[in-house]
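What follows is a group of structures, each given as structure tokens.
After this come two complexes, each holding chain A, first together with chain B and then together with chain C.
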Partner chain A sequence: MKKAYWNEAQETSSRNTLKRLQLQRLRQVIDRALKTPFYKARLRRAGISGSRDIKTLDDLKKVPFTTKDDLRECYPDGLLAVDLKDVVRIHTSSGTTGTPTVIYHTREDIANWTELVARCIVATGASSKDVFQNMMSYGMFTGGLGLHYGAERVGMTVIPMGSGNTRRQIQLMHDFKTTVVHITPSYLLHIYSKLEECGFSVSDLCLQKAYLGAEPYSENTRKKIEELLNVDAYNSYGLSEMNGPGVAFECVYKRGMHVWEDAYIMEVIDPHTLQEVPAQEEGEIVFTTLTRRATPLLRYRTRDLGFIYKDECKCGRTHRRLSRITGRTDDMLIINGVNVYPSQIEEVIMRIPQVGTNYQICLEKDGALDKLVVKVEIYSKMFKGELGELDALRARIKEDLRASIIINPSVELHEPGSLPVFEGKAKRVVDSRQKL
Partner chain B sequence: MPKQLHVFVENKPGRLESVTEVLYKNGINILAFTIQDRGEFGMVKLLADKPDQGYLVLADKGFACAVKEVMMVAIKDKPGNLHKLTSVLLQHKVNIIDAHGFVIEPGKKGVCCLELAETKGVKQLLEKEGFGLVDEERLAELLL
Partner chain C sequence: MKLVQISVFLENKQGRLFEVCSLLGKEKINIRALSVAESEEFGILRMVVDNPTKAVAALKKRGFVASLTDIVAVEVDDKPGGLASILGVFSKNNINVEYMYGFVEKFSDKAILVFRFDDANKAIKVLARNKISIIGEKDIKSL
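Right, the complex of A and B next:
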């Protein structure tokens, strides 16, 4: 197979050189983190008052973990390590209970992120000759802008479509001979199902590669997509706390995603004992940012489960590979690539007085796409006997949910006492989607 | 004004049956009913001899229900009489939210039940135009 690198020296540097660089950058990031009120307090309590307390990579274990809750509590600026005038971009995500989290980026942060994404793209064999149609959402969601910048950096011809508008997506794929798409697996299957309706077949397109991310899917789904669309599909991993996409990506060998270890220290821990687990063993993935200026994060617990491959990759990259994500340690749902916590939905519906105390969150498949159905009981004491009020109630729940979780749900109104009563919110989620 | 019983029901087998069961077991007589449909759910609207008691027994069983006042207009059962009523309402730009009607004595007496967006002055207007309004007592008499 043809070997191509964006930054050969860095991507293939020896493990020892890589570890020396990690230590040097870890010491820098500790000093930067100490500029934030949050880490100043937390690191001091752990006996770390500067980079002098980090002598080896093993000293990272002295650093306490950072969680999503920490990020929420730091909102808006408890984790900002630079002057706001040096910040060029802000990405926020909605938190689990309404409080958002924020990641700031300096110009240098964006440049570093872009560099990592460029490496990912070239690792799949793509180049400036490719036409890249980006079908991930732009805006606050990091999937769109992240790949966009990287693709432009590589010199690809970028079509910044964002998600949705299937008919137009297909038309542009055809008209501009798109060779590479960045998309969720469920949306790509949806597009496939609409091809014929739009008057095209797979052979009318020039598609060669699909970058699949933002939602979990199996090896079988990859094979299915590759066969149906006659493409090579590559797995992509990222999370907004670690910039977004570009954290880890598959190379042409498609066996695990190379994590750019000069930019992140990856650990895999047992979520209960918090002790590191050996390679090939599943655990919670933890990342430390090594290059980030504006929002350094140390030992951030992703809540994603996966493992590290033990063997070396034939592509020559020395950066270790992460498995596809096998699950979550929390109750986060991924709906058409958007992360949603059941508590976010509960928060929205429970502040509406006409809604009773019982509800159900149902996830179904509508063709290849996910469908969220929120079932609520109406509260009899607030009922005035008019259909108009029920229409308004349904519209309000839809609108409030759309604003809060950025997903258009179906809302069903049910009679009081008609939905099953469960203890605990997890049981209120009925996920009947077939695993992709 | 006469009272109508409104009950929220899901659109699935057995829901209307559970409403009629509660009313029947409590000896409540239904004069007329209609269902306003919204696909997955609907509103059952009933004219019953004891609407307040009907409300209590249904609410007691957990139903989301309400008692609403409606305008009941007596109309002679002859061609063109309903049209006369709707024409008067149109002339005065009175919007009808929901309505249903039924015949009490064929060829003689019918009734139209109206839920109106605005009821102010409508009673006087209809009486001036020669329509008879059915009040709660007259409704009770009709039910005898």
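Right, the complex of A and C next:
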């Protein structure tokens, strides 16, 4: 496979050099964090009053964790480490689940972020020759602007469509021979299901690569997308607290996402004991920003679950790889006492060829018991017209789910396009059980 | 000779059947026979129409899940015992009927029966041997 790098020296630097750089930057970021009211109080209590208290990378363990709630409490400027005149951009979270969180960026922060995104793009084999249609929302959501800047930096031809307006998306993909898209997996599947209606087929497009992010999805969904659209799909990971996209991205080998460790220190911890877990073992992902000026964050608990790959990647990058996000510490469902992650359900149903591109997980109360209803759209090309085949499909989904999550769900089959469609992040779980 | 029937997957949801029929009406497609098979929350609408290829294309374009299925249509006298006489022939010859539906012709004394067999070819041979007339595509168009 062709090996291309955006910043070869940094991406392939030896682990020792990388660790030395991490320590140097960690010491700088501690001093910057101490300029914020929040970290001043928090680090002092932990006995850290400056970079002199950080002598090795292990000393990071003395630093207390930062949580989403901390960020909310600091709203709007408790975590601002620079003068507002040096801030060039503000991103806030939507605040749908509580007080919003805010991340400030200086000019240098934006430049560093852009550099990381450029590395991600080149790692997938894309270049300035590609036409890039960005179907993530622009504005406050970091997915749109983050990739936009990186793609322009690489020199790609950028179509800043944002999300939504499916008909026009398809038309432009066709007219400008789009080769790379950045999109949520659920929206890409929706676009696929609308192709025919818009008078196009997959072979009318020039699509080669899809960058998928902003929502968790299973390996089977990736396979489905790659087969249906005849593309290579790359997994992207980012969160607004860590800039947004560009934190970790898959290279051409598509086995785990390289985390840019000169910009972030990654830890994986047991969410209950808070102790670090070894490579290959799943836990909560924790990041420390190493280069950020305006909003330095130390040991930020992402609530995302994943693991670090132990082995080296054939692409030559020395930056370690993070697994696909297997769930979130806060999206676990407890159904009649059994822990279930929505990703487990997706994994099962997306493996079945007669299942279409959209599904929904509904939880209801049936007397005292929880009832799990899985609604799936059927894949129209697999429909042969027999009632028996539909009953068999329903039975298979039920049986596969029961075997995987040990819960007996009821399964509903729906027409394609009848379940709610999301143009941004998909909301697949509808929990209408009364909260205690 | 086999005929094709259109099968449409429909959720049990108000107005869905109306949408299919009004769409076919707009496309000037005439429905010759129709039946609905239903399960708890979905059903399959089965139709014999004068232009099945055009009908399926129109349905798919509007996002319906539709497919074509081979069926055999037979003409019988519209009188007591007409259906029984045909079913007797199938029974004697071990032909299994998966499902069937019927309709009556306007301007004759014949009824038309639509059959889905698990082995259509065998059924056609048996019908021919018993001199039971099978309806072809042309006949459907001119009905």
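Keep in mind that, in the parts below, the second predicted complex is superposed on the first by the 325 of 436 C-alpha atoms of A that agree within 3 Å, B and C clash if a C-alpha of one lies under 4 Å from a C-alpha of the other, contacts with A are read in each partner's own complex, and residues count from 1 in each chain.
As a working rule, contacts are C-beta pairs under 8 Å (C-beta built on N, C-alpha and C of every residue); 3 or more make two chains touch, one makes a residue touch a chain.
From a predicted model like this one, the values you see are computed outputs, not experimental measurements.
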Chain B versus chain C as contact partner of A:Leu274, first or second or both or neither: neither
Touching partner for A:Leu363 - first (chain B), second (chain C), both, neither: neither
Touching partner for A:Ala111 - first (chain B), second (chain C), both, neither: neither
First, second, both or neither for A:Val87, with chain B first and chain C second: neither
Partner chain(s) touched by A:Cys206 [first = chain B, second = chain C, both, neither]: neither
First (chain B), second (chain C), both or neither touched by A:Glu197: second
Interface residues of chain A shared between complexes with chain B and chain C: 378, 380, 383-387, 390-391, 412-418
Chain A - residues contacting chain B, complex: 378-380, 383-388, 390-391, 412-418
Contact footprint of chain A on chain C as seen in their complex: 5, 7, 9-11, 13, 37, 39, 41-42, 44, 46, 60-69
Residue ranges of chain A touching chain C (in the complex, touch as defined): 196-197, 378, 380, 383-387, 390-391, 412-418
Chain A contact footprint on chain B (complex, rising order): 6, 8-10, 15, 36, 38, 40-41, 43, 59, 62-68, 97-98
